[in-house]
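Labels for the chains are A, B, C and D, by order of writing; each one numbers its residues from 1.
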Amino acid sequence: MNSFGKVFKVNIFGESHGHSVGICIDGCPPGIEIEPEDFETDLSRRRSGAKGTTTRREPDIPEILSGIYENRTTGSPITIIFKNKDTRSKDYNFRDIPRPGHADFVALRKYNNFNDDRGGGHFSGRITVGLVAAGVIAKKIISECNITAKLEKAGDRTDIENAVQEAFKSSDSIGGLLSCKVFGIPVGWGEPFFESVESLISHAVFSIPGIKGIEFGAGFEAAKMKGSEHNDLFISENGKTKTNHAGGILGGITNGNDIVFRVAAKPTSAISQEQKTYNFKTKKIDILKITGRHDTCIALRMPVVIEAVTAIVLADLKIRS
Amino acid sequence: MNSFGKVFKVNIFGESHGHSVGICIDGCPPGIEIEPEDFETDLSRRRSGAKGTTTRREPDIPEILSGIYENRTTGSPITIIFKNKDTRSKDYNFRDIPRPGHADFVALRKYNNFNDDRGGGHFSGRITVGLVAAGVIAKKIISECNITAKLEKAGDRTDIENAVQEAFKSSDSIGGLLSCKVFGIPVGWGEPFFESVESLISHAVFSIPGIKGIEFGAGFEAAKMKGSEHNDLFISENGKTKTNHAGGILGGITNGNDIVFRVAAKPTSAISQEQKTYNFKTKKIDILKITGRHDTCIALRMPVVIEAVTAIVLADLKIRS
Amino acid sequence: MNSFGKVFKVNIFGESHGHSVGICIDGCPPGIEIEPEDFETDLSRRRSGAKGTTTRREPDIPEILSGIYENRTTGSPITIIFKNKDTRSKDYNFRDIPRPGHADFVALRKYNNFNDDRGGGHFSGRITVGLVAAGVIAKKIISECNITAKLEKAGDRTDIENAVQEAFKSSDSIGGLLSCKVFGIPVGWGEPFFESVESLISHAVFSIPGIKGIEFGAGFEAAKMKGSEHNDLFISENGKTKTNHAGGILGGITNGNDIVFRVAAKPTSAISQEQKTYNFKTKKIDILKITGRHDTCIALRMPVVIEAVTAIVLADLKIRS
Amino acid sequence: MNSFGKVFKVNIFGESHGHSVGICIDGCPPGIEIEPEDFETDLSRRRSGAKGTTTRREPDIPEILSGIYENRTTGSPITIIFKNKDTRSKDYNFRDIPRPGHADFVALRKYNNFNDDRGGGHFSGRITVGLVAAGVIAKKIISECNITAKLEKAGDRTDIENAVQEAFKSSDSIGGLLSCKVFGIPVGWGEPFFESVESLISHAVFSIPGIKGIEFGAGFEAAKMKGSEHNDLFISENGKTKTNHAGGILGGITNGNDIVFRVAAKPTSAISQEQKTYNFKTKKIDILKITGRHDTCIALRMPVVIEAVTAIVLADLKIRS
């Protein structure tokens, strides 16, 4: 389903080439100052336009339908929509030859062919624009924290711009490795087991289309370590530790050190070079050449989305803590 | 909180040295055959006893309090408890010098010192015995699937037994890398975004104490790949693909190929060698020597727990699909 | 919070004099035919215009933002909004002298004065227009059932029109008694205890502003009866009973007989005659004269809202049964 | 399903003649003092033994399995069970001729005959013993409030004892009218719409087997009133009103006046006189004579159950407010 959170709760909706995409946020405390321009910084970080991003140009103007009055949250549900402007649905028709690596095939099967398939429909990364808007509000709720995500590598290279450029030239796409840190987080957010901070952040992060891995603190390296190496020794009364292999989380609960995690984004599945795949109409292997507009490296636009979902998780935990 | 699932829902409870630990399962369909001995195979895989596991010996006899009648589920909540037998609470007292890497510190802060700290209390890995019992039932619900998890490496070594033995000799502990595969899964389970199969499995897996990373299909390798390499080309009408970099999941939804994921377990935080850490009473750095009974490699006992939470996720998705 | 349902789930939003009011519906099955004109019958039953309803005129044109494609549901969230057109916010200012019987007072306290108080804001009955739209879709999901609600009495009188007219003439308002029947419902929807049909319908019905009582089957009369009178004797294989004191529900579960319930609606709290109430600014008793536009008998517009929430409950139960 | 609540959440389980019945409570704050004897007063109010109650004698000794340590809540889930002692399952067998007014028929259909039908199984009023235990804890959470429920009438008579005695003599059962008041409740608990106090209390109250109606404040009388009569005029700064027709709730939110509601309980469906009903095996009308032990007036034991579920609702709202 399309909702997430227990008290601070987000509901996403919309299709890539439909009327609009948007978000409905329930459980937001009253009195938080929100000016329309507050959304601009984060929305622009997600917007396309840079090299390696799609040539589809969406202004992404947030229209606030409810829940904000005289520039403050009211305590009632906040609905924000973004009208779709730059759509070219003729570019798309993948019912017979679903794109490899894309959701076309599963969507057709799951929804008995009734899904809106224009531009990927509800499976489009475009839906994440609402998450970014919710993240702007969530960040204000957890004003004691500072969340910073960035793209560390594109295709295992730190000269990211060049790596993307080369992929673009070869009509290909490229994956990326992202990192995220949360500074200033207090002790005691999260719960053991099913509401561990790792459970909730991973749940939210894997909701972003294209994510295939996440690790906290030492992460997969921890599997290789001894306890004597991995254990973070406490050094002060507020719980600060000498190292931070735990990534700021013990027993599912924040320990007052920075939350640290890394995320793997797969290469965009839509590429403009030819692909040999199955034609479900002719029931034979066929050649697919995708002609629409696509991101060469979707990971370029992801840091702000990762920040947003992290903020959404933490705002919910703060309200309940 | 301590519940997970939407229709097939599990609630865990208990403390390591309290009366018992257990699970309450709601939403289980009626008519599923369950004999008491059905639990034995999976429970024994989780049980300690092998080299590298704790010397605490718990018989783990499931006592079924409700929901099963004449060896079949009734449709009503199923509660199963496991009495704690082999407890030595004097071994533990970590209120002044919380163990590094363990939940002692955050539990004291979060619960204002009211937590039951004997043997790690509710934060103990012992609580997972209830998950294994629920997993046995969940596996019967998804009888079309076969879930197999195993420990691939201990501390980056495939000669796992030797690696664990060395860690034990040096009064240390060691992490591990696990893999899990689900065979026989149909197309169409899971949802886009917040109920993506990755979101739900990662949520459940990170509920297991000690997990610090998860990756699906190509996982972190996907970040290094080009789209032309990563895309799984369809080869037949049922959605089978030539490769399986997606790990059986597209757009959050199963595509009919095997679900594949890997998980990183950190080394047990409790080690018997001395550790230099903070004494919160004297407010000075101090020496901590832990004398209780602990696993050298908790990952040895984890495969069946990972299978169980995966089965719980999939049973819930199947019932709702 | 503003969501209801487990799988078929509605989220309402909006304020009386804000940009718009609306609903976001998650979990709707794909393939259900919805033409824009399908909403008209039910929306017009809720609309004002008849004698005894407010002079505020809202066209209530549903704008579908997502989830419907080529006149069919897609399986993705359906968002429908209704722009507010006929607003006169100067009519309202009740921060100092909150209207007796209205939510003004509690809203100010609960939301620290940040609530949008224009026209009752989010507490307005106007928000129910979204429920009616969701009800139209829910009714299509439970196509085997037929739900009919009607106003039985206004102020204990069956000559409803006259009763309302008299209240209007005396600058007063008047309450009403409504009944609702569901025909054609199969055996087995609902659950014991917390998802009993009575629990869910009452939960939904009391969400409608102004409802103060509900009773199923014999209802409050049942309290006066003997078991030998109240018991509904089975007369046929399909569970039909001679009488229907149970209102179609046994042990929380539908028994195949008609669901029957009655609902009490209080008189509209906003009346145009003078009221002696507390002035929270001067801290003295004061005279309040309300000059805005209001319904004399809000119950006149309620039958279709009651049908809608009943359909929403039953659609969710059907999908899960 | 068998859980209720958002943060303070209860899960009930058990069957009338199974091993035990019980409750698992999640989200209880740490540090609340609970002595085993704290349960006794409320449990004894629910226990049978008085005239008009069943001759089944259950000691109802609460066994605390988890979540309480050194007589205080720990913040972890609290599981309490009550073993079934006095069961005579041979008394029951209603698969062929389901008892009129009872859940036998719907349970068989819903659970494909796999339900545990001994003594009503999971549909038994016995399951409410766990609710009473949870209510004891919930009442401690909302220590500012005082909840008092009582039986006002049995069968429309205030000489309740006589009314019950007469019903008993005629091998019949009798219904009852109950009232509940909450004193000391602050302004601001509850939410508009789906988490209105009326929605949540009615949801919880209708979970109790045998309840067929509920009304708040003036309730069904409100339907007969004019606004000028019904409106509660404010008389002081803290929101106190001259009258309390609203039953302490405006716009779904507590207004600082007492919460007041009334509840209708139907007569016990199991009566010892002969009943003419359908035999689903012979497919003919048949005579049923029930020989087990039953309450003549189940409403006698209900006040404490109504208090319990009200406390559970309010504890959850308080924690979240």
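One rule holds in what follows: contacts are C-beta pairs under 8 Å (C-beta built on N, C-alpha and C of every residue); 3 or more make two chains touch, one makes a residue touch a chain.
Since the model is a prediction, treat every value here as computed from it, not as a measurement.
Shared contact partners of chain B and chain D, listed by label: A, C.
Look at the contact of chain A with chain B and you find the same residues on each copy: over half of the numbers used there are shared. The greatest centre-to-centre gap from chain B, using C-alpha centroids, is found for C.
The chain pair with the larger count of C-beta pairs in contact, out of A-C and A-D, is A-C. Between the CA-based centres of chain A and chain B the separation comes to 26 Å, rounded to the whole angstrom.
Note: centroid distance chain A to chain C, computed from Cα atoms, is 37 Å.
Inter-chain centre distance (chain A to chain D, centres taken as mean C-alpha positions): 45 Å. The residues of chain C that reach two or more other chains are 1-3, 7, 12, 76, 110, 122, 192, listed in rising order. Here chain C touches chain D in the complex through residues 1-4, 12, 98, 100-103, 105-107, 109-110, 122-123, 127, 153, 155-156, 167, 170, 172-177, 187-188, 191-196, 198-200, 202-204, 206-207, 209, 211-237, 239, 241, 245-247, 250-255, 264-271, 273, 275-278, 280, 283, 285, 299, going by the rule given at the top. Here chain D touches chain A in the complex through residues 6-7, 76, 192, 320, going by the rule given at the top.
Within the complex formed with chain B, the residues of chain D that make contact are 1-3, 7, 9, 11-15, 18-22, 24, 26-27, 30-31, 63-67, 69, 72-79, 81, 110-112, 114-116, 121-122.
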